[in-house]
Amino acid sequence: MSIRVGLGGVIPPLTTPLDTDGEIDTASLERLCSFLIAAGVDGLFVGGSSGETALLSDSQRYEVIDVAVSTAGGQVPVVAGAVDTGTARVIDHARAAAKRGAAAVVSTGPFYVAPHPDEVVRHFELISRAVDVPVIAYDIPSATNTRLPRDAIVELAESGTIAGLKDSSGDLTAFRQILLATADTDLRVFTGSETVTDLALRLGAHGQVPGLGNVDPDGYVRLGRAAAAGDWRTANAEQERLLRLFSIIDVADRSRIGFTAAALGAFKAAQYLRGVISLPRCADPLLPLVGRELDAIRAILVREGISVER
Amino acid sequence: MSIRVGLGGVIPPLTTPLDTDGEIDTASLERLCSFLIAAGVDGLFVGGSSGETALLSDSQRYEVIDVAVSTAGGQVPVVAGAVDTGTARVIDHARAAAKRGAAAVVSTGPFYVAPHPDEVVRHFELISRAVDVPVIAYDIPSATNTRLPRDAIVELAESGTIAGLKDSSGDLTAFRQILLATADTDLRVFTGSETVTDLALRLGAHGQVPGLGNVDPDGYVRLGRAAAAGDWRTANAEQERLLRLFSIIDVADRSRIGFTAAALGAFKAAQYLRGVISLPRCADPLLPLVGRELDAIRAILVREGISVER
Amino acid sequence: MSIRVGLGGVIPPLTTPLDTDGEIDTASLERLCSFLIAAGVDGLFVGGSSGETALLSDSQRYEVIDVAVSTAGGQVPVVAGAVDTGTARVIDHARAAAKRGAAAVVSTGPFYVAPHPDEVVRHFELISRAVDVPVIAYDIPSATNTRLPRDAIVELAESGTIAGLKDSSGDLTAFRQILLATADTDLRVFTGSETVTDLALRLGAHGQVPGLGNVDPDGYVRLGRAAAAGDWRTANAEQERLLRLFSIIDVADRSRIGFTAAALGAFKAAQYLRGVISLPRCADPLLPLVGRELDAIRAILVREGISVER
Amino acid sequence: MSIRVGLGGVIPPLTTPLDTDGEIDTASLERLCSFLIAAGVDGLFVGGSSGETALLSDSQRYEVIDVAVSTAGGQVPVVAGAVDTGTARVIDHARAAAKRGAAAVVSTGPFYVAPHPDEVVRHFELISRAVDVPVIAYDIPSATNTRLPRDAIVELAESGTIAGLKDSSGDLTAFRQILLATADTDLRVFTGSETVTDLALRLGAHGQVPGLGNVDPDGYVRLGRAAAAGDWRTANAEQERLLRLFSIIDVADRSRIGFTAAALGAFKAAQYLRGVISLPRCADPLLPLVGRELDAIRAILVREGISVER
């Protein structure tokens, strides 16, 4: 659908707290939502890559939306990922999310298959027609192994098919080209690059979806406010501190676990150490961080002025 | 689970016939199953890449299994893909497939995420424990963008966690190394490379899953029988004819549609021209082949001695 | 060697003008050097990717250095690429360049082979020991298909092995991490990304090596001066104009020529239209742009306020 | 040039023995040539990837050709690599090799740059016109990061521009398609895949260029003779033994050295252990294998029935 949405600001992509059985830890998820809202975020994005959505069952995905919508209680909008390989599958997720109260849904292009740019455009057109909430396109080639074509995004923005773009490509040239090309449209452009958020905002991004915002939402809220006030010196300094904090993702022994477990495991470990969630467990089959890795993360948190409880 | 299965021979990965609304064309699917069984195949593989499983909804996936199991009627086993990004999702699909009568289920490693080899091993262990049918590992890096690590496959075969491997990597060196390394296990090794099936069989493969078998199952059955009889000259000649037939996937105008639509669209176009299915439509968002592309495919079919009805 | 060099500012990577026989057009090269120096650049970088160095013979490479050194006449330093696959080959080029008057030499990591990060470090150590001019590391994964490892760069900066880094990776996160990690060293960090030069300068880059500076050096000099003065609004606006100008690389019909010919051919076409060089020819085997492509480039130049003579 | 050459059989790609200073160890190289000729090979290929040509200086490359031509003394032809990034550079190498007595020269497509298939065709046309010896195209995407397009190879074979193809892509489907498409031409097709040489010969390959032939040339000569005699059972068994021997490339600790050093270092270590060369050193900047890695390689050699002297 083509209803425009005034989304913007800081919308962190929530991790998904799990209990010892690997099921949704709803109490931790509620605490996480409240923790983020208290920090002043402008929305909650559940079911994204940081939420390990690729590793959750459908019922777990829906439970996450329910908890987030309920905890947010209308204070901030809840945006829900509808990440899947093909159009029909995305539509099923998107409809379920909309029914559960999501203010917008987020979809990558098709993956597993190898589509043409015109087929990517058609993918979003079909999704947009099928749901009653705004659709946000999600460019994350590290996960899908293919870029959303720049021309396709511009075409979809001009036709009003997509209401937003979450860019996690790390490519600020394309990001800038898209911002310039869609300046006359209603497209809301979000950066998913938590390490150059200040630069993206300077280029005119409407908002940020920082994975590291799970750990230090206050930092990203401060960064966003400084940017909005045109105080780029403060924004840059805050970003540099957050970049140093980001080194928690380099702590894990990569001869033992993969990149996803190292990065998302570090976010969860930090949330656990801060007392926000009860267990730093990742979804199957990812393996958890171990004691000395948690120690190293605690040391980084303390170094960067983040309070810890464990 | 670890029940061994005597799977082998020709098990084509069925396309999924669709009607004008994009829904499962059950009559065409029944005809396709019967067409393949009549040609002498040893099993039906539904829900694979050739079946556009990445583009089908869950209900469509399950309808396909139901129709195949019902049409096969126990004459040949039905193997079902349980293709998804993560362990919990694969388990849900696998359980549904087993309940519907699938004789075995097929899973890739995790994708969208970036797992460590040990996490890939754990993925299959968890799936195997969760279902009562044999699990077949599926190596298709062109879709998942990551190889199943050779050592992981050997470890999973030795522990009896996986009952089979479907290899669509195109890498005959690794294929051979795995065959040699698992010779003392019960692992059943299948090639998904329809263009070097004869070579894979010569290396000791237990079976073949040829996408082009959708178009000319008789050819692959003849190829398999010649190989089983040690008549490699006939097997090679049959394979060369099939390789020429395979050029139907090069017919489409790639400035208009992507690789998946070009290849699977060609299979469906050929099935349509042969009168097996009623419509050469691909799943959304893939775009269909057009008239002159169908003409070119018809010409290739005729050239290679395949009867056409349209 | 470890002599530090105060390199910085705008150092465009010169294209290599060729005559109808594919030999160096020395008159055009002299004009190009003078054109750039007149615009106020701080150095000339010959033998880089924009100079088609991969396609030039050794004698052509050396002729280019001679002409540049002679034309510069000490007004600005000449930096010379020593791009080749392995250490011994790079050393031969680097020694020849130093002997001809290059103020510094530029080398990628080894390519064609697959080195370990420690072998990359050793590569630069051996080069540095072998030559009497500063060595600049060059990260251009689009050409070499491998990144210079971040830790290797930091280690080489700390030991004083490399005097500079030219980053053409497009990855501003790694760029920023390197700037922060080497802040206490003498490393001079240059961006090769002509589309986000303003952002790189804001992050603290010491200089810029913009390929598009071949076409509009005045623009990049203005951008650099605005940044140095802390006038980021002007820097951003200038960059946005240059980004629109950069669309000349999208003009060529890519069904006919490759990406390198499209991009470098566009730079040369623009230089030709501006009257700086006599022929818009690329090095063999690249195919030239054709008439209507030149027309489209002329239109873009005019649109962005660039004077043309043809 | 278009003179046809009757090349075929076993033409191993020689390693380049180096002394403690990293210079060509001519005595070892002579021993290696004699060792291979005594085993019954049909030619010597110097300056290929196994010869670390990317890491040798021009003078070292030429010294290698001189020693090989001199030692071969006309008993077998010497084929020389002319591996470089661009056309002009390849032509310089090719002319030098031809002058030194090479019977044919070998070139990849352009790399470092990103050429169009038509530019690849032009590359080989220009080389062929420039030299008086046959030109062999070399497809090694693991090194150049780009495939030689199948259609380009067929076009070049049909026009007589190239006399041969050395395929190190590992893709037996394309290999087979090229063999079928060029059956009516004079193209000589060689496999560079030492692990599926038997299969390539079965498909009709005219010869083999096995890197592992540096270690066990007798094995590949036996394999080739069995294949020529139609004794595929013997050919397959010999290949399986050689595949087990090939595991020497998996011995090195990859946390310490890269893939190239691990593989070529293993070949050189085995040659050293067999007494053929005097030192198992790789070219700079590659790091050498260490004692326990040599022990592991010795154990594999002994296990596979290869005599060792150290």
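For clarity, chains are labelled A, B, C and D in written order, and residue numbers in each chain start from 1.
Definition applied: a contact is a pair of C-beta atoms (placed from the backbone, for glycine too) under 8 Å apart; a residue touches a chain by one contact, two chains touch by 3 or more.
These are the chains along with the protein names UniProt gives them: A, B, C, D = Dihydrodipicolinate synthase family protein.
Only a predicted model underlies this, so the values are computations on that prediction, with no experimental measurement involved.
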{"item": "Labels of chains that are neighbours to subunit A and to subunit B", "value": "none"}
{"item": "Type of subunit C:subunit D copy interface by residue overlap (half), same or different", "value": "same"}
{"item": "Interchain centroid distance [CA atoms averaged], subunit C/subunit D, Å", "value": "35"}
{"item": "Separation of mean Cα positions, subunit D and subunit A [Å, integer]", "value": "49"}
{"item": "Residues of subunit B whose C-beta touches two or more other chains", "value": "none"}
{"item": "Set of all touching chain pairs, with the criterion as stated earlier", "value": "A-B, A-C, B-D, C-D"}
{"item": "Footprint of subunit D on subunit C - complex, ascending", "value": "22, 49, 52, 54-58, 60, 83-89, 91-92, 110-116, 118-120, 122-123, 126, 142-145, 254, 256-261, 283-287"}
{"item": "List of subunit C residues in touch with subunit A within their complex", "value": "170-173, 176-177, 180, 193, 195-196, 199, 202-203, 232, 236, 240, 243-244"}
